[in-house]
């Protein structure tokens, strides 16, 4: 039986020539190992055996195939190949089908459902599709093998990197809410809340003093702002003075009051006094 | 207004500098955002560009996820020589797994193993995902909630496919099934799932 | 033998697919290895290619480390729109710092750090100032004379605010404020004041 196979060309597995006469009972261990590498598992091996003998999947000669398959599995076991587990499972399945085939069959059992081979046949068909798909996939033009993507350098990305990030008012509001929460959690006694416009006005006053050096006290008030504006400015000045950020000077009592930014000289003696431990 | 030449220049520059293939819509909302142009006009310019490059070493092609410039097929042997380190080799097992996911998506690892008759190596699944060819699109509502895998547009692009049915083998129907659990999932339900996956792909593309 | 067109195609394809600029020698030992060509011939082909791309969206240029194709400089502003996702996102740390400066101004870096409980990076302060949202309005007269930071008119403009107190989070906070001026200033008066503040700010901007 095996002799008849000798003349058959062994053909190719996945485009690789198959080694001489693997149906011989003796295959050099290295050769078998190499060959098994070419198979993607028991289904692949099974399909190979079927194809090699030009058998029809739909009319699977289970006895013959099981016999041949077992030859390989036995060799694998002898060689203690790691792959054996998946192959053994298939061997068990084949053996089971074989034994069911040997049992006396009922008459109405000639449809597919009753054929113990049906499930295996379906699986083989399914696997065959996948295998063919893989082969066709391999033949497709592949990147870096059959074509390369052409790309050009651009400095436009740097340009993009320089575009400032967008921030929405909501985001800023959320950030602020978070900060306010932090402040509350940390120490709401220590940090006294000033009215916002007061803090903002403090910045504005500092900015103006930066630009203009010193200003007359009145220059920091705009009557057109109305009473509330004057109050805000006054509170801002008081706060700035308290924080030692500005200095109010006066040549003599009831004369013009000047406002200028504090310098180190203004602040340091007072600062030192405060910190000195008596 | 924009001249024909300016239009072609902008499209050309955008396609050449994009990291992924570029769609007409991406061009319209990107590099062409400041000009009021419509799709036909852009398609026309793309065709004109394809013509311009007819005899060059590279060509403008349309793949699954858009347009890209790529080298002419006949130059590959010489180019592989230039970049030997880039040449990929994919094992038969990996290609088989990939073909199976492409054909049966969305599919679980268990289902892949059932068809291939062999356990799927974690390395293969990792490689497929790292290459961006396969991604998890959901979980099957069975015990253990196994991940459902599907192929991506990047997979199609890489293998120069516009659709999985470009591979004749995978355009085939699945052989008749007798499994009980399969009966529970009707074909129509499966088709719906595939559509969803595709839509989800499209969403991701937009985000990316 | 290799035709002039084939030579140009190979060079073109190689330069377009290289990750770095390509030198004449790299071309000779790589993509052109199978043809016996000399440097002048390759240089000639490169010049011819430069000519071919003269009116295209990309150009072939020689930089220090070799030849590369790059987009025409004047297309950059339009190309930027191709990468909207590239626009930087400010970190939570930066936004919190900005919010804190807006709220507590004029404020030192140390004070910001005290509230946030973490140190504020120099980069954040630099970014905020470069963006024109924050400026130094003075120095606190304590040892080390730390800079006092405040928000600018540009900051208010960017967020379409007329005053810091327009910030949504602060609006919620207002009922809790029991400052003296709150009682003294009726709502309408306050609104008036805010407008004036803006004008004064505008004046400052002009002077600055």
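Just a few scattered comments:
When the chains are written out, they are named A, B and C in that same order, and each has its own residue count from 1.
The definition used in the following text is that contacts are C-beta pairs under 8 Å (C-beta built on N, C-alpha and C of every residue); 3 or more make two chains touch, one makes a residue touch a chain.
Everything numeric in this text was worked out from a predicted model, so none of it was measured.
Chain-level centrality, scored on Cα centres against the all-protein Cα centre, points to A.
Set against the Cα centre of chain B, the chain with the most distant centre is C. Sorting all chain pairs by how many C-beta pairs they have in contact places A-C at the top.
Computed from the mean C-alpha positions, the centre of chain A lies at a distance of 26 Å from the centre of chain C. The mean-CA centres of chain A and chain B are about 18 angstrom from one another, to the nearest whole unit. Rounded to whole angstrom units, the spacing between the C-alpha centres of chain B and chain C is 33. Counting partner chains per residue, chain B shows two or more touched chains at residues 13, 16-17, 58, 69, 71-72, 79, 83. In chain A, the residues touching two or more other chains are 148-154, 156-157.
Residues of chain A that touch chain C in their complex: 148-157, 159-161, 163-167, 169-180, 182-183, 186, 191, 193-204, 206-211, 222, 224-229, 231-232, 235, 243-245, 261-264, 266-268, 271. Residues 13, 16-17, 58, 68-71, 73, 75-77, 79-80, 82-83, 86-90, 92, 95-96, 98-100, 102-106, 115-117, 131, 135, 137-138, 140-143, 145, 148, 150-151, 158-161, 163-165, 167-170, 172-173, 176-177, 179-182, 184-186, 189-190, 192-194, 196-197, 200-201, 204, 207-208 of chain C are the ones that touch chain A when the two sit in their complex. Those residues of chain A whose C-beta lies close enough to touch chain B in the complex are 14, 38, 40-44, 86, 89-90, 113, 118-119, 122-123, 125-127, 129-138, 140-154, 156-157. Interface residues of chain B facing chain C in the complex, by the touch rule stated above, are 5, 8-14, 16-18, 22, 26, 29-34, 52, 55-58, 69, 71-72, 75, 78-79, 81-83, 208.
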